[in-house]
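Heads up, the next two complexes both have chain A, just with different partners, chain B and then chain C.
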Partner chain A sequence: MMVQSKAARLRRAIIAWVTVALFVFPLYYWITVAFKNGRDIFNQPPKVFNFSPTVANFQEVFGVSFGLPRNEVLAGGGDFFMAPHLWSSVVIAVFSTILAVAIATLASYALSRIYFRGRHHFVNWVLSTRMMPPVAIAIPMFFIYKDLSLLDTYLGMILIHALMNLPLAVLMLKSFFDDIPTEIDESALIDGASRWKIFRRIIFPMAKGGVAATAVLCFVFSWTEFLFALTLTQTSLKTVPVVSSTFVTSVGTAWGNMAALGTAAMVPAFIFILLVQKQLVRGLTLGSLKQ
Partner chain B sequence: MRSSDKKFHAANIVDKYVKGKISRRNFLRSTGQLGLALGAFGAGMNMGPRGLIGGNRALAQGLEPDAEMLAWVKEVSKPFAGQTIRLATEATPPSNALNNTLKKYFEEASGIKVEIEILPLEQVLQKMTLDIASQLGTYDLYYIDQSWAAFVSEDVHDPREQMENADLAMPGYDMDDFLEPLVDGIARYGDRLVGVPYDIPIFIMMYRKDIYEEMGFTAPTTLEEYYEQAKAITDAKGPEMYGATGQMKSGHYSLECDWTAWLWGHGGSIFNADGKFTGNDERGLEAMAYWRKLYETMPPGVTGWTWDGQGQSVAQGVAATMMSWGEFFPYFDDPDATKVSGLIEAAPCPAPTRALRTVEETGFGEIPGVGHQGGSSLAVSKNAKNPDAAWIFMQWATSKDTQTLITTLGGGTGPTRFSVYDDPRVIANNRVGAGTTRHLQVVRDTIANDMGSEPDLPQWAELANDTIPVRLGRYFADEYGSTKEAMDDIAQATDAIVQG
Partner chain C sequence: MPHIEFNKITKDYGAVNVIRDLDLAVEDGHFTVLLGTSGCGKTTLLRMTAGLETITGGELTIGNQRMNEVHPRDRDIAMVFQNYALYPTMSVRENIGFSLEVAKMSKGETAKKVNEAAAVLNLTDFLDRYPRELSGGQRQRVAMGRAMVREASVFLFDEPLSNLDAKLRAHMRLEIRQLHDRLKTTTLYVTHDQIEAMTMADKIVLMKDGKIEQSGSPDDLYDRPATKYVADFIGSPAINFIHGTIEAENGTPVFASVDIRYPLAPDCAAQPGQAVICGLRPSDLEIAVTGDISATVMLAEKTGAEQNLHLKAGEQHLIVVADRAVPAPTGQSVDVRINTDRIHLFDAMTEQRI
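This part shows the complex of A and B:
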């Protein structure tokens, strides 16, 4: 075993910490903006640590839900009460993720295990749907949704986000199922198990990590999706990325409020990832070692 | 005591109390005599995290919509109670004041629910375009930027036609009270009125009084003087402070707005009477030469800023002057948000270097003037599901009384009605502080004497938001061999689009 010198270890540690700082600092700075007043946000030189923290931005964004007085007129600001939109985002992201993963799991298992004519083309076709720029289908989807009365509804948003995530989910999960030896299926078949039973009792539990990793990606994509959420909603339903843009006003951007909402919006995604963290690590390493 | 006197008195009392000029005892006594006592006291005490915005909130409780007007709303809305009307609008001070403070009075009186969707300007255009194309009628009211007027002119009701329905016409609405230049510049397209003027951001000169006094300057009266002052400040104080600033983000509408001010200010125009692009003629090139040298006096990074960054550069003391939207002025006076509260003065835009071209010499109704206006109108959609309810709300929202409240509560935004500028409640806010109205006389003078309006043609939204600012951005990125080459390229692209 190679023993590293003290200097080499120190160098590695410094590089590691600098790399971490590069990723963490923008996050830290964004969170501090949420706790700064207007003057401190734009102070020259920037106030990175030495500022007077305030929760005013959070009060304005979530004030009503905490029973705090709501500012009636903000300088250049709009209706900044955002708690319902955060909840809408949670509902849409969670249910679209469940839907996408449920369909993709079955589809990808079938693509991985069942041989049928043109299977290879089918996989390519699934992949090709991700190649079309979303903006190209946003307007046609608007008219389809209008005819189906799905505009501005939870169902409509859940469906479009699930549709958007399906190709990626199918391809990801297929690769996870491909990594599970087919001999396991064959042994179970010989023992008299049905395809469904094999999937439910044997293969799916083995691919749980991959399912978790796919679910995290689907959740994050839905959580941050902007174009469809903007085009297919109207007055009653909004997601966090769409309402974040309302902080851009005719007399400037309310950065403090935007940062407050952004900081709060990280929490549900963070909780979701924590919940699946154990499976996620397994999923990310699944298939890293070939037999 | 008359209602208006009572309101004026209330405004003065609250203002004095907020500034600490009268004691709590005297404040309570005075407001009690006006029947406002506890509400106004609570409001006066409730200085929120945004400081003087709390003062405005105090006024919000002391100044309420006219009772007679609300009685009319109640009576006329009876057949429409229970309906919901929708409006998508940019987050402008009038829309915010309506949405956050005032619409509740209308809703209580009428039984009509008002949903106001606040969006960035480009998203408002997208929503409106989809609504028109689909004829869905999601939005009963359209917020129409002046550059879209031609594009939507056939999709909204002309308010003059709606006024003919006497059953729904608001008593004393007075269409003639809207400032005539705004009606022409914002709402008129051909023979039609595309709604009524709703808000009026307009270019005025804003400068740091302390810096100007230190340098021995007075407010610039000509464009050349403005440049000389800007250069002197940058030379003396740069890089900590710059003499001028801009909204010059490549490909953004704001860049086009800056360009038109300099173009018109040098006697040029975007189009000639034949509808051909003329920004590349002698006057257009003079304007570009001026702009280029003024650009050298601006902070680095100005080509990445829209009006947001421009305003911030003044608010944080990086730039000493700004010829831009007057809406920023009340923000600059907010001591909690900026470093320049009380230090900024408003002045008319410097005079042009040559005589302005007349409307007859330009094309598509373009009105040259250094004071570029970016106003908007409000109109009832022809696809509206509840057009009558929307028309009642629109009249109430643009009436004299409501516009006064919008100006008072909405942070000193410029009114579109003549009478509102002289309303005692508006004049009462003529003091240093958030939501000040001390710049409004300059705004009114600019509207009357020096307002520039962009041309009205269906392709203008594309030209102003893409074709012209993209190429101007490339010019400032030095991608062209010469100014002439850049402007010829814009001319070629613009003429091709106009000719279809």
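This part shows the complex of A and C:
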């Protein structure tokens, strides 16, 4: 290990802390906005620490869920009760992630292990679909969804998010499977195991970390996706990124409420990442160690 | 009786030919080693035997059954891979018992067989550990245990010792050979290490460019190498080669090079005027008071009980294995005696043994 002088260590620590602060401060400021009243939000100079915290913004956004009477908590311009939309987002993100990861895991294992003519081109083709700007297919998708009666449905949103995630998920998981030596499959093949058994008992448990990492990526994509959530939903089903725009009203932007929803929206994603964190670290380092 | 037979086996990868018309019989219960440098086709041949590579042409039989199209699991074989290919998410017990689990053997029977194999391989104390918690030698033994419990009729080893350090390698060599002597299972073993081949094999098959250069017992290959390539490959330190021609002197054939002149046995098959390469094993040369070659010591490498003397006779570099008691300071002139019975002559053009 390299021996460092005290000054060098201090310099490194300072750079690290400044970098962390740079990334964390906007997040911190956004969360404080959620807990500020209107005057504190617009105060000049901005109140970073010394504001009087309030949960009024959260009450307006989620209050009805906690039994508060509707007319008491709902503010002027629009309907700010957002709890159902948060729930919609969770359902869509979770199920589209499960769907995308389930299909991608099987597809990428096959692409990693089973040789067929033109496999290389197939993989490139899968990736190329991801290079297309989503807006190019937004309007055609709208008409397709309209014909299939998928507009404004959970199934429709789950399908489109899973579809958008598949190429990247397949490629990411393929790289994890590629890192697992094929001798392990061959050894199991000689041991008499079927392909499915090899996948289920041996390869999948080894690739768990990679699956977790891919799941996080899919979840975060679905959680933050705006374009399709906007065009393929109309009234009954809306996700958090879409409803965030309703805080921009004719009488001004409700920053406090928007921050409250944003802060609350971090929680499910945070919980999800926390759940897969142990696998995630292994996933991100898979292949870096000699078998 | 041959157990595995390769008849005119050919393997192509697209336009690249790796093995061509290879014929080989592996005797039942024998320990046969496929030896050669990397890229010579030995691993490909092993993988074809296992069913992990398709066979482009020819026929492979195991126990007189054609195997070309048979699935690996139905070939009655067990294989140990170079990187062991243990299942990292399973304990040693599960690793060894996996093939039995797949075969739907009862739990009691599986446990019995796993315990037996573990006892033979000194793995009893490690059965609940995971592969990552084992040393290289222990992993190697788990891989062997996995092969053992299957009670297959053929064992295939693909360079199983190349990831181990020198001391452990020597130890595992012994263990594998003892295991074979106990189980008497037909074994096909791939290695690039000639010492492994010499110490373990009943029969060595030395391969070069997808063809068999020579096959036979270790002694055959050492004492009567069929080609210059075989002579060079087998033996450590490597054999000395001296280029020269055959001359007749009073009716006796004489080997003559720029720096060395030496009478050969009268029944030597080489013809006068023939360009030859003379192979002299370092252990067949001797430092003597009066010898056949005068040389100067360049370097003495001590190897323990012996020393490898690097000599210069004119422009010719020679290695001689001598007792460590022989005084050989650098720069000293010495005489080297040749053991006439142990000269290997090869045609300079064809490199075939004369």
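Quick note on the criterion: the second predicted complex is superposed on the first by the 278 of 291 C-alpha atoms of A that agree within 3 Å, B and C clash if a C-alpha of one lies under 4 Å from a C-alpha of the other, contacts with A are read in each partner's own complex, and residues count from 1 in each chain.
Here, a contact is a pair of C-beta atoms (placed from the backbone, for glycine too) under 8 Å apart; a residue touches a chain by one contact, two chains touch by 3 or more.
All values derive from a computational prediction rather than experimental measurement.
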| item | value |
| --- | --- |
| Contacts of A:231 with chain B and chain C, given as first, second, both or neither | first |
| A:139 touches, of chain B and chain C: first, second, both or neither? | first |
| First (chain B), second (chain C), both or neither touched by A:184 | second |
| Superposed model, chain A: greater residue contact from chain B or chain C | B |
| Contacts of A:252 with chain B and chain C, given as first, second, both or neither | first |
| Which superposed partner A:206 touches (first chain B, second chain C, both, neither) | second |
| Where chain A meets both chain C and chain B, residue numbers | none |
| Footprint of chain C on chain A - complex, ascending | 181, 183-184, 186-193, 197, 201-202, 205-206, 291 |
| Chain A contact footprint on chain B (complex, rising order) | 46, 48-50, 53, 56-57, 60, 86, 88, 90-93, 95-97, 99-101, 115-121, 123, 126-127, 130, 134, 136, 138, 201, 307-308, 311-312, 315-318, 325, 327-328, 330-331, 334, 336-339, 409-411, 434-435 |
| In the complex, chain A residues that touch chain B | 37-39, 42-44, 54, 56, 59-60, 69, 71-79, 139, 142-143, 146, 151, 230-231, 234-236, 245-253 |
| Chain A-touching residues of chain C, taken from the complex the two chains share | 50-52, 72-73, 77-79, 81-83, 85-90, 98-99, 102-103, 146, 150 |
